[in-house]
Amino acid sequence: MNARPDHSVLADQEGSARDDLLMDVRNVSLSFGGVKAITDISFDVRQGEIRAIIGPNGAGKTSMLNVINGFYTPQVGTITFRGVERRSMKPHDAVRQGIARTFQNVALFKGMSTLDNIMAGRSVLMKRNIVWQMLWRGPALREEIEHREKVEEIIDFLEIEHIRRTPVGKLPYGLQKRVELGRALAMEPSLLLLDEPMAGMNLEEKEDMSRFILDVNQQRGTTIALIEHDMGVVMDLSDRVVVLDYGKKIADGPPDEVKNSQAVIDAYLGVPH
Amino acid sequence: MSYLHSIFVAPFADMADAPDFFLQVVWEGLVSGVLYALIALGFVLIYKSSRIFNFAQGIMVVFAALTLVGLHENGVPALLAVPLTLLVMFVLAVGIERAVLRPLVNQPDIILFMATIGITLFLIGLGETIFGGANKVMITEQLGIPTGSWVVEPFGGFVSVEQKDVTAVVGAVLLVIALLVFLNKSKMGRAIRALGDDHQAALSVGISLSTIWVLVWFISGIIALATGIVWGARAGVSFALEVIALKALPVLMLGGLESVTGAIVGGLAIGILEKVFEIYWGQPLLGGNTEAWFAYMLALLVLLVRPQGLFGEKIIERV
Amino acid sequence: MFYRIAGQYKTSYGADYALFPIKQDAWLLALILVFAFVVFPLTASDFMFRALLIPVLIYALAALGLNILTGYAGQLSLGTGAFMGVGAYACYKLITIFPEMNIIGAIVLSGFFSAAAGVAFGLPSLRIKGFYLAIATLAAQFFLLWLFQKWAWLYNYNASGAIQVPNTQLFGVTITGAQAPVLAQYFFVLITVCILTAFAINITRGRIGRTWKAVRDMDIAAELVGINLMKAKLSAFFVSSYIVGIAGALFVFLWRGAAEADLFDIQLSFRVLFIAIIGGLGSILGNYLGALLIVALPVIIGTVPAAVGLPISSAMVEHLNTMIIGALIIGFLILEPHGLARLWALMREKLIIWPFPH
């Protein structure tokens, strides 16, 4: 039940346009009781890239991430992830298929330590049943230690060794964001969704976070889709950018191209439609 | 087959056969329902204005009734005992605000809920220490509540209506009307409602939180005293009332935690339904005393279909 | 000075998972166990066993069960008393239907009955949250209590409506029933409680415990990191009710000796909840400290004033006891919401750096 399904066979049958396509979002629309959050959006994410989703407040960016990881079910449209087409799934199934994310407002487990938070990210990957857990011997202990080693690697990578045992509720905001990234990494995702990873950070913290994101992308080969407001950061980090405004896609392409698009400039300057 | 008959046919046949008896059952249920609704109302007020799930509302009923009877037993005339009891409830409201609510402001909901359980226990212990643990008789006559009964004769049968029950219903209706007028017309009342909608906004227009809390707890105390008098007149005054008072919880769940209408409708519905169920299904088929759990099971079933209660608003989850 | 941790290095993650990474903690536990297994049995009177030691252990176990559900998994329960009842009645039926059954077997099995009841009433937790869930456990409390009263088969149609614990033996020693020596009962309870506590510690510090705590702290986020909320909540109900059920079986078989339905009323649910709150939600140790306080308090109120020449009636003892517990709950919530267990943790931290406070 915990094994990740192997979709490579399916992917071949699907015959996607590009063979490095990781996820394809097609004609997705989402509304809440008549209020449209997303209207007919299509875009794709390629293997190994950093894909940015930008747009003014209320453009539907977070709703888009919520659709991708199964928290919301769109009324129309499909999402093809690693060759499997779907409209809805339970969020924990999304994690099993390799989609992990962080949140706009830090959503850590405040009563737990940094270590436990990151370990919790590995819950899906751990298998020992309750009887072994009860005894805390043999397979259960081995599994725990094995995963602890992986988690300690992440802790080293994010340079948060010193707060390993601190309850995350007591950490400053910037560090909480880092722990949250750690928890997402612990899931060993093939697609990492970051919802405003640098919101509320100072310049130094932003630089650190940018470095971590690039390292994750390059060293671990993780594909990243991120929402961010800091244009400088977005333009530096991302390979391709999709721009949303009022729930619609208004531009899609490499950062330089998007930056000069008239529609994007209008959206950010608030030119009336 | 005969079992199905006894569940789905026989009870309704009984109701049709003796409509006067059915009316009697509904009336009895309605009176209990009024009392459930009153307790739930006190609760909703506190929840609306401070997000506190006030477990102590039930015990405040007992405490108010005990104080009233206790004062009278110690020689205070009945009509003077009522304002004195109100004074005690006011002091209690101030005390709770100072000693419990203020130090716990901004704590998680669950902590405040537990604190009200602590208040419950403290009040039980305090009441017993002062007034003793024995059952008491409500000073119904001394308060001028009529104790006779009327006989109504619908459908050629007869329904007996106790005058104190009628007094209870009329009193409850007046109390609710007064409360609604207060909430909708007075400045303080509007402030309480504003607080329910948005804490920050209410504070920013210069309403003192402590004043409102004291006021709200005091109003709940008044409601508690009214409930205590009418309930005590029916069932005597003892801490056993506390268990009955717990029934306000399913009423609230059914009506939604924040809805005054919900509290009233939920209270009446549960009062009537549990009585009807007990008489027509519980006693013949299940060995009786189903009133102990009926309300909870009903609320549970309703919540499974509508997790926000009958009158609550649908919650959209966000991250 | 005595609690110095300097110099205690861990060289592997395995060593870090020892139950007590700091050896003074292990010494302290060893000391407590020596008292529990050797000193008390040699010195305590029958009154001590019956009025203090056995009930503290059983209440602590019940609170441990509740704490797993409420303190670890964040699901409020007001139905602990009824689930204890399920364990007790199940054990009674098992023993009377299969008289040759070993008492250990009966108790181990009886927990599964309460666990099943817990899961059944826990199912609504998948749809209902927070305070609204309290109603599900209250429904369990009142419905099950009613069942204990009305379903005569449960108490073998006794005219009194009560269950009477039969005599059972273990290794030739009478363990339950009127003739059972209190020392044997004490050891039986102590060993059961120790084993279940060890299991609970292990579960709560591993994967399952983390999923519970994650659900407690933020259920939406838990779901989004891949935790199956249904499994997490229902497993918490299962484990919690299992332990609570065992506590119920011990409560009747090893302590009270007889029980009627009213024993498992909502007051019992609350008493266990108070122990968990005062002890500390989300802690294992707290259950013991809380149980000790709640069980010992009436004994102290009953004896101390009398000893200083202020005799008070037993009714008054009870009233004062209720009042003090209420005040204690409020006091703890204000001063230290995490209860006695956190107070001990703070004290221990002070001890570690003592006598150099910086």
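Quick notes
First chain written, first letter: the chains are A, B and C, and each begins at residue 1.
In this text, contacts are C-beta pairs under 8 Å (C-beta built on N, C-alpha and C of every residue); 3 or more make two chains touch, one makes a residue touch a chain.
The chain list, named the UniProt way, goes like this: A = ABC transporter ATP-binding protein; B, C = Branched-chain amino acid ABC transporter permease.
Keep in mind it's a predicted model, so treat the numbers as computed, not measured.
Distances from each chain's CA mean to the overall CA mean are smallest for chain C.
In this assembly, the chain whose C-alpha centre lies farthest from chain B is A. The mean-CA centres of chain B and chain C are about 33 angstrom from one another, to the nearest whole unit.
Distance from the chain A centre to the chain B centre is 49 Å, each centre being the mean of its Cα atoms. Distance between chain A and chain C, defined via averaged C-alpha coordinates, is recorded as 41 Å. Touching two or more other chains at once are residues 220-221, 224 of chain C. For chain A, the set of residues touching two or more other chains reads 71, 103, 107. Shown for chain B are the residues that touch two or more other chains, namely 319. Per the touch definition, chain C reaches chain B in the complex via residues 76, 124, 127-132, 134-136, 138-139, 141-143, 145-146, 149-150, 220-221, 224, 266, 270, 273-274, 277, 315-316, 318-330, 333-334, 337. Residues 12-14, 16-17, 199, 202-203, 205-208, 210-211, 213-214, 216-218, 220-229, 235, 239, 282 of chain C touch chain A in their complex. By the touch criterion stated above, chain B contacts chain C in their complex at residues 53, 99-100, 103-104, 107, 109-111, 113-115, 117-126, 128-129, 132-133, 243, 246, 249-250, 253, 257, 286-290, 292-293, 296-297, 299-300, 303-304, 307, 309, 317, 319.
Only residues 69, 71, 90-92, 94-96, 100-101, 103, 107-112, 116, 119-121, 123-124, 126, 128, 130, 133-136, 140-141, 143-145, 148-149, 152, 183-184, 187 of chain A touch chain C when the two sit together in their complex.
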